[in-house]
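Questions regarding the structure given below will be posed in turn.
Chain nomenclature is as follows: A, B, C and D, assigned in order of appearance, with residue numbering initiated at 1 for each chain independently.
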Amino acid sequence: MSEFFFNLVWLLPLFPLAAFAIIVLWTNRNRLLSTWIAWIGIGLAWILGWIILFLSWANFEELTPPVHGHPVPLYSIPTGSLQLTLGFQVDTLTALMLLMVPFVCLMIFIYSKGYMNYGTENVDPRYSRFFAYISLFACGMLGLVVSDNFVTLLVFWEIMGLCSYLLIGFWFDKSYPDPKRITPKEAGLKAFLTTRIGDVIMLAGILLLYSQTGTLTFTQVFSEETLHHLATTYAFPGMPWATLIALLIFGGAVGKSSQFPLHVWLPDAMEGPTPVSALIHAATMVSAGVYLVARSFPIFVAVPGGLQLSVVAFIGAFTALFASTIAVAQNDIKRVLAYSTISQLGYMIAALGVGAYVAAVFHLITHAFFKALLFMGSGSVIHGVEHGHHHVHHGHSDTDHSDGDFDPNDMMNMGGLLKRMPRTGWTFIIGALALTGIFPWAGFWSKDEILAEAWHGFQHGGEFGVTMGWAFFVWLFLTLAAFLTAFYTGRQIFLTFAGQPRTEAAKHAPESVPSMTWPLIILALFATFLGLFGTPWANQFFTLIGEKAEVVGEHLPHGEFNLLIAGVSTAVALAGWFLGWLIYGRKPLTEPVDPLEKPLGPVYTLLKNKYYFDEIYQKFIINPTISLGRVCATFDRRVVDGIVNAVGTFGRWLSSWLRKAIDNPIVDGAVNGVGWITAQAGEFMRATQTGNVQNYILVAAVTVVLLLFLFLIRA
Amino acid sequence: MSIPQVTVSHVVFVILSAIALIGALGVVTTRNLFRAALFLVLSFIGVAGFYILLEAEFLAMVQILVYVGAIAILIIFAIMLSQRLMAPGYKASNEQWLWALVAAVALFAALAFILLNVGWPTAEASVPQGTVAELGKALVDPDQYLLVFEVASVLLLAALVGAVVIARER
Amino acid sequence: MDFILNFWVEFGAWVGGLLSNWGLPDWAVNLIADFLGVLILVVIGIMAVLIFTPMERKVIARMQDRPGPNRVWPYGLLQALADAIKMLTKEDIIPTHADRALHMLAPLIVAIPALLVYAVLPWGPGLIGQDLNIGVLYIVAISTIHVLAIVIAGWGSNNKYSLLGAFRVVNQLLAYEVPMVLCILTVVLFSKTMSTQGIVEAQTIPYFVTMPVVGLIFLICAMAEANRSPVDLIEADSEMVAGYMVEYSGMKFAMFFIAEYVTMFAAAIVISTLFLGGWKFFGLEDLAPVLTPVIVFAKSVFVIFCMLWFRATFPRIRFDQLVGFAWKFLVPLALVNLMLGALVVKLTENIWGQAGLMLLGNVIVIVVTFFILNRAARRMKEAPALKRIVAVER
Amino acid sequence: MQVPLSWYLIVAAALFCIGLYGALSRRNAIGVLMGVELMLNSVNINLLAFWRHIEVATASTPAALSGQVFAIIVITVAAAEAAVGLALIIAVYRNRRTVAIEDVDMMKL
């Protein structure tokens, strides 16, 4: 039974892929049909995925990663003396991802129908293509989670990168009045290139891994002896292979999960359609980095107390805090969420850094649900405001998304939307509660578990030799981040939904269509109750991936409930909410200007400009690169071309001399002579051209006979 | 070479070869093309007899079916279509027939010389039973002759289409 | 008892024993035995004429509501003898400008294949001229020589009707051989052997029951091969005064005449062997092996009766339609059945399962065929008459 | 007692030479075709003779059938060749009212 379904796991990425192919090749014209095909594709994947989830839940003992799992090998490529076997596998980590990925995808697919204005007069002109792209993306994500080796993982990883590029730049023809604002085209390019940096580093890591272990299949790589070998052989003094490879692979995660310093692409990725932001840049793709680290966790902990864990922990914690500070000063509703996504990912990374493997995955799942909810809610809000805008200004007739200087994403243009769009509003608020970790919403449990782990590490040294200092530092940063998270979330809520509408558009914003609101409601349910599966007392997640997991000999830690930490984090969160209310909620602001601007002053501008990271990169990385390229170009034009041309001229001169001296008299003479002889011979021979086939055959036969006789005489 | 002691098969062989060769000679010598075709049939039947003597009954039947039943009939058909050419005083063979004769005889001499001077093995091994079934299996067995079989089918199809296209009235 | 049970085998053994008791050497015994066998078979073939000419004339006459031959004693049963005498006494003409040799040769050749076929027709278990492992193929191969003979006849007697007849032979008989072979292939698919005995033994259910379409196609083709009316366009008296037989008279004509009936009888036996279960008849063959030849004979008489029935019922078809019928209708149908058979054989090994599936498939085929034919007919009705003819000829 | 292989080969050779002569000396295209058919037949005899006397005797597999299969292929090719050849002849006859080969010499300049 379970065997049967496990062996079908390769179907998971195949369903959306088929949908993609069908839509692109045939049904591109028919919008409704394309929609349904995409839905069916992901729906089948969802059903199969959850069947696999429950089956593997039923017998998780023999399916716990890293070294267990049900392999479904496909084929193997001979590489020199080794066989590079590729295939899929089912283990509980995969199963957990399958709890999240296909379901959220399905929700977002359904949502997209409304968001892309299906059936209205301003339906998106590239509607079908959008569904094709997201189907391909779903294929990538599912393939990533079910692949059993680094190669297929990388392949699907890159497929997702491609889809992200295509989807961010989906409205590639869009342009804004102010030149400084980034257009979707540029955003897509930026995202692609930035993640590419991480991918290259990761590829290097994978190649090193292959060269060291001779295999890339998870179960083999994470086996005792391989890890031991990696931990005890040294790349160069003081740096075991394990550490080096772990760091390189982490580079990939940094790129994909947009951790500091490669975080710059994610906020700009918000230029894409909101379902994409929800799907790729909140729920699934960005969490792929975390999944990667979780998946290759054994390598990270192969060397106890190694450099790599500290790096992971530091980057995670720092990103969490850093991003949340930026989020405070953003006015674009989606950018706020983007930065909060970055910081939440920071949470997960930091959790992995302190060895809280289970907590990280737990938070990954819950976060996927409520962040997708939040993004789709914001999308619904934007949608409503846009419609209101059209309604006010030029009726419903306008179809292009770039109209003048009015920005439907700007929270300053909103306000009082809770009355206008209640379903969206309430679900958004639920998501916000989950995000800020208010009891008993999902976020509370996962975030609290992370904090508890960190604290636990601070008190009696973390597992895998995470030093107390690091652990405390991590805990501190994360707690601060929690505070800020609550603050900017509250700010967002109050700015968007509370008070009075600040613009005509907001006044006339309609509630979105059911196909958009129903997914919100369903996700809200999950955001509320999912956490109950991970309560410290009955932690299904720990049962699934923690209990039986033996990472280099030792069991994974199980952070027990810590009332103090829970209290602290809850208090901090409530404080954040309160502050948000104090500033934005108490007296609803009337003119679109942030009250924080005056008191904070330069700090505010610093935050508003994201610490000038883009500018810094522009100045210190991109411009130098370009100028270096210019220098190379000049060198090329001057020196290299000069040499080439010199050679060329010499060759021309030589050849002309040769022609005069040798070619004309001798060679041509010979050629002509041959031609003349041939002509004469032809004149002579044509007598034999009787055109009568039988003569020819006769000649052939006679020849054969003669040759035969010759042969006989010889022998 | 030593003449082996005579058995029925030897007698049959001699008779068959007589039939085949007489038929062949008739084919190339008769002026009347229609009769030549009939001689051809005779020769074919003789060859089929050889096949039976060689314990390849299936091929013998195919020989009769294809050559006698199809090819010979086709030839006769063609002869009937172009019958005017057998007006009296029509020369059957062209100017080079003498050369052709010389070449053919010389070739035969050479071949016969070679064949008689090679020590051929004489097989006493008996053909396994159920060769026909084996043959049928082998022809559609991917490991054996499936490809050949398919190629032959494609060839036949192409020939069919080609023949129709060429011979069709325009 | 044993003697009764496998009577014919015992009988053969007894004859052999008798001969060898006379002190003949083995080879002589075999020779005589074989000779006797051949003789019996040939005589059976020839006797067919004596039996079936009166039968044909009587049956046709009854169907056309007239008495038919009733003078020659009794009920005109000996009509055949009278005919024979009449023919023997006729003058034997060889037209001038005819190719004498060929003209003489044709009647000799024409009878040979018809008689050769009898060598592989089973009359009962172990009761067969020669149980070739390629019996069916042998039948097909031999019957092609028939065509040759007729062509010779048509060409040899220098006459334009004869020549037309010869043309038609090539056209028609070659056309009808294709679906015939396809049908045989279908049968062989199920019986897994080409030996006639094997096919009979493989038929627990007569194949005509399991695959009626194939049986009918084969029947039609057999009638065309034996050029029986309505598909006797080779010698359509009304169009070309007996075609290739125009110039023949007397004994030579008699040869053709005999050959036709021998062929018909052979065809009937072949049909009863391939499709009606040969010498099997609901276990009767096990009770009384003596009767197996009778069973075969009865079945073939039935088949011949059906042929006569056809003849009395249907009018002659126009020639182009006849050939078109073979190429455009019978061949595709037979092909479909062949595919069907292959599918069924692959699907199940169980005989009854195969039978059921094949029957089902045949029913489906019949239904679909009728549907298609209806549409074609409607289209033709709508098309103007001239176009119709063109369409048929194309 | 088998008929020795060489007998078959010699008869085949004779058949081949006769066919060759026919193909070379006939004026009528159909006659040429018949000669070719004769040659093909002789080839088949060789194939089967070798199959019977050598392949069957010295075969590793229980059923050694290359000879027969090859012969079948030759027969197939012969049939195809006859069909196309006769079609050509008929086409030529229709266009030029002749089937004499030496009249069909458009190749000659």
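Assume a contact is a pair of C-beta atoms (placed from the backbone, for glycine too) under 8 Å apart; a residue touches a chain by one contact, two chains touch by 3 or more.
From a predicted model like this one, the values you see are computed outputs, not experimental measurements.
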Ask   = Farthest chain from chain C, comparing Cα centres?
value = A
Remark   = Rounded to the nearest Å, the gap separating the Cα centres of chain A and chain C is 77
Key: chain A and chain D: spacing of chain centres that average the CA atoms, whole Å   = 70
Remark   = Expressed in whole Å, how far the mean CA point of chain B lies from that of chain C is 29
Message = Nearest whole angstrom, what separates the Cα centre of chain B from the Cα centre of chain D?
response = 6
Chain B residues counted as touching two or more neighbouring chains = 58, 62, 70, 77, 94, 96, 99-100, 103-104, 107, 111
Request  = Please set out, as single numbers or ranges, the residues of chain A touching at least two other chains.
outcome  = 694, 698, 701
Message = For this structure, enumerate the chain pairs that meet the touch criterion.
response = A-B, A-D, B-C, B-D
Inquiry  = Under the stated contact criterion, what part of chain B meets chain C in this complex?
reply    = 32, 34-35, 38, 41, 57-58, 61-62, 64-65, 68-70, 72-73, 76-77, 80, 130, 132
Request  = Please name which positions on chain C make contact with chain B in the complex.
outcome  = 99, 101-102, 132-134, 137-138, 140-142, 144-145, 147-148, 151-152, 155, 163, 166-167, 170, 174, 177, 194
Complex contact set, residues of chain D against chain A = 20, 23-25, 32, 101-102, 105-109
Request  = Spell out the part of chain D that touches chain B in their complex, as residue ranges.
outcome  = 1-11, 13-22, 24-28, 30-31, 33-35, 37-38, 41, 44-45, 48-49, 51-54, 56-57, 62-63, 65, 68-69, 71-73, 75-84, 86-91, 93-94, 98-102
Query = So in the complex, which bits of chain A are touching chain D?
reply = 686, 689-694, 697-698, 701
